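The same subunit A turns up in both complexes below, where it pairs with subunit B and then with subunit C.
Our next item is the complex of A and B:
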């Protein structure tokens, strides 16, 4: 058994280290952006428009990853964009988790009419195309960081609610819950002290996955130009600009895309890795 | 008897879901500050002009009254008039629906082909490096959403090695006078293979972007149930009869292993249709999703309502069809 366990754990460990490492690097870059960014991310210089990255002919010294059509430094914009991406990941991810997990826990443990109401709402939510729903909400709430966070919570709480509801149902049917009831616990107390700790690993794994989703949603909203004000650098905004000039200046698209890709991949792999690690069957 | 009852309950919940979607959209978009009518009039318009148009679109009534009027119209197939395009919403939406349907179905076909092939290969080479390769690529494909795959495909096959079109649905130079908007279907019927090839060259990139995550899910799940089926007695029996491994997997194991995958593909197909919204935007594809984003940006309330309801209807229909297929394909449920 121990040998098998060792074999299962090793690749998971590598995956966790790589994704955790990238995210740690990103947090550091976001925190130190004003110190390490070579240029002002908003500074425009039309004479420096569409300069290629440093290894190509015609590159401008100091602009390592080239410039966009307005002459703004791609590297500095990626670094500053990381700040917004990580704030959205952290705040929107956590709030979505709180709302969704709470509703899922209540629906799965209490069953009956709370479950019926919550499940009906989940069904209605599943009938919305999520991207369209998010865009609709931003149009209503107006652009801005708060709007993005609210939109993510509103569209994505069902992801937690569905999974946690199913888990809470399974846990609720187990003997230890019945014995807690016999011992005189209230239902609410049982939910917090018996059910919650047992579904917590799933919640943590889902939360990590959700952070990746939040980063993507923010990028998509910036891409359709509905995120925060247009002058703060966002990865999605850079990608939108890069998409239109992809034939003239591929680097404007490539570098923010690689950053976004690795970030989303890392959150997702971290979440999957945590799920496997907490999984009692594998443990 | 129970089957009939189940169908009735199913239809009723579907209706409740659609009604809920309609109410939410209706209320949400009417909380928007800013007057959609004022936006469509030239700056010189008088207050009287604004009021007259507001009355024409019914925006001077309460939300409840507007909803009742709108619902009454919908029952008769009238979804109102688009504010920004000044055409009946039903015509606009139905004109774009074929493009989105063709894209979604094409993507589904690609996903089933790739995912199915990977699952079969993974089963054939199970417990070897081959299976590990399938697992790793499926895991990667699933970790990244369609939006990012679309961008990667644009870079790879639109810029680095430009073999496919990365924007639009069809080349404008092609002269087509088709009667329907199901271009792909109609071009085949009319034997216009030049048009068909052009459509595929446009559609392949967005469809592949949509298909990659779904293909990964199919590969994972189908491989898992295939591997479980391979241990069953009847499969061993087929092997002792002397059938080769390929025959055993595709003819004996596959029909039984396919059922759990089917249900999941149904749910995931609705996610894929939802993904067309941003993918159509990314590839400038003239479909429903692209129109939806423009409608939101233009505050075109009747058009937004129409599109969202149509998407919701599509989602619930897909689920309904999958459930029926499940009953048809599952011998245990057929006689219930």
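Our next item is the complex of A and C:
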């Protein structure tokens, strides 16, 4: 009665390699920024303003991706900006996931009045335009890293709550849940040991997606100058500054934009790839 | 008596007809059922789709709480027993589910699926008990390391049976357990169940819409229609001389090998 069904292993896809590789590179850059950054990201030198990247005429040696209008090194600022982006992605993403997934799981599995309360909150929440909501929150809380993280959690927990609720409802209707009850497992125990493992791939996919979203939200808030102090380099801040001089020095805008794009894309692709890996049926 | 069921009623709120303001009307699924399941009996519960047979099964295992009447299991009234009290009794009545794909947690290995209820009921020597259960349902012990999706439908249903008998229950409810299987797997699973019932001295309630299956396995039959018992009796007598019109209708729907032959 042996067959090969259990033996098939899927190779780690190109998608996982590329997205994981880019993010690993970014983590390395964030950790080692002081060691590998060629210049001080805050150092201004008006004589070196708007230097083009290394392959163009008039490039200044040592400033690989050029300089902005104040003569600050674009590459060094991107490297230092990765720190803030990653901290926001990890902390805000994880907290959002914890809050949203917990509420979604409870609503979807217990149904009844917990579901009614949580679902109504989600409905009301979703009626607010998210960016305006964030700007309002930061205005109240004051700018700073903590405020950004709180704003992201407060805005985005509904994304998790809605999806996980639906998923938990689907799983809750399965007979293996009834069978756990027949075996005498408690409601809470069933939620943790039967439902949660089946919802986990979705949670992981959403979590990485949310990390990407967190990076974007941080960039948006920097763009409207509501992020951290203007001194510390952020990708959103760089994009905002680069926008004003895009015709004279496009590289100030384009390089942080590409970095942001690749990072957000990598997060979502990592999630999709991990979701497949997590599933014993697809594995 | 294993089960004594008296005037059992069960209704759900009918959300499809809920008015904008106010409570939803109740949808009566079980409308006052009374019957006994003697110890050691193999009772077939038959009825069409929507007759309430699955709801009855789930009420007997207290996956649902009845809205009226009483259910007593081996002399104990379990009609409104709380989940904490029920937990201690649950190893005595077990269930095999209809769809073995949905009733086996896809994230667990077969060994973990069978061991789960044993661990919950505080039994030890889990590996030995899992091996023994796999032996009894005729699966290789190595299957403990497999995931449900790696098994065929018949094999999965054997795992479902192994999970139920591993606890050594007094009573097992089998809810349409062969309706998702092909004909040869059906026969194998039914033979296996018949043997286990005999060897372990189990009391079995077997829910099915298929009278030919019931005839083969059960010694008593309960015919349900629209949430009411229309007929109850020994299998042979019921097949030979059906009393209720609905039973005759059901019997008439079984294809016979010879078109000139009739039942009874």
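The rule we apply is simple: the second predicted complex is superposed on the first by the 262 of 283 C-alpha atoms of A that agree within 3 Å, B and C clash if a C-alpha of one lies under 4 Å from a C-alpha of the other, contacts with A are read in each partner's own complex, and residues count from 1 in each chain.
Assume a residue touches a chain if its C-beta (ideal position, glycine included) is under 8 Å from a C-beta of that chain, and two chains touch if they have at least 3 such contacts.
Not measured: the values here are computed from a predicted model.
Colleague: Please work out whether A:117 is in contact with subunit B alone, subunit C alone, both, or neither, and reply first, second, both or neither.
Modeller: Neither partner.
Colleague: May I ask you to decide whether A:132 touches subunit B, subunit C, both, or neither, giving the answer as first, second, both or neither?
Modeller: After superposing on A, A:132 lies in contact with subunit B but is clear of subunit C.
Colleague: In the superposed model, which partner reaches more residues of subunit A, subunit B or subunit C?
Modeller: B
Colleague: Can A:182 be said to touch subunit B (first), subunit C (second), both, or neither?
Modeller: In the superposition, A:182 contacts subunit C only.
Colleague: With both complexes overlaid on chain A, does A:272 touch subunit B (first), subunit C (second), both or neither?
Modeller: first
Colleague: When the two structures are overlaid on chain A, which partner does A:174 contact: first (subunit B), second (subunit C), both, or neither?
Modeller: Only subunit C is touched by A:174; subunit B is not.
Colleague: Which partner chains sit in contact with A:32 here, subunit B, subunit C, both or neither? Use first/second/both/neither.
Modeller: In the superposed model, A:32 contacts neither subunit B nor subunit C.
Colleague: For A:260, select first, second, both or neither according to whether it touches subunit B, subunit C, the two together, or no partner.
Modeller: So A:260 only meets subunit B here.
Colleague: Counting only touches as set out at the top, which of subunit B and subunit C does A:197 meet: first, second, both, neither?
Modeller: second
Colleague: After overlaying the two complexes on chain A, where does the subunit B footprint on subunit A coincide with the subunit C footprint?
Modeller: Residues common to the subunit A contacts of subunit C and of subunit B do not exist here, since the sets are disjoint.
Colleague: Where on subunit A does subunit C make contact in their complex?
Modeller: 1, 5-6, 174-176, 178-187, 194, 197-198, 280-281
Colleague: Quick one: in the complex, what on subunit C touches subunit A?
Modeller: 58, 61, 63, 83, 86-88, 90-91, 94-95, 97-99, 102-107, 116-117, 120-121, 139-140, 146-147, 149-150, 155, 163, 167
Colleague: Taking the complex as given, what residues does subunit A use to touch subunit B?
Modeller: Touching subunit B: residues 120-121, 123-124, 126-132, 135-137, 139-140, 142, 212-213, 216, 219-220, 223-224, 226, 239, 243, 246-247, 250, 253-254, 257, 260-261, 264-265, 268-269, 272 of subunit A.
Colleague: Note which residues of subunit B are touching subunit A in the complex, please.
Modeller: 13, 16-18, 20-21, 24-25, 28-29, 31-33, 139-140, 142-145, 147-148, 151-152, 154-155, 158-159, 270, 273-278, 281-282, 289, 292-293, 296-297, 299, 304, 307-308, 311-312, 315-316
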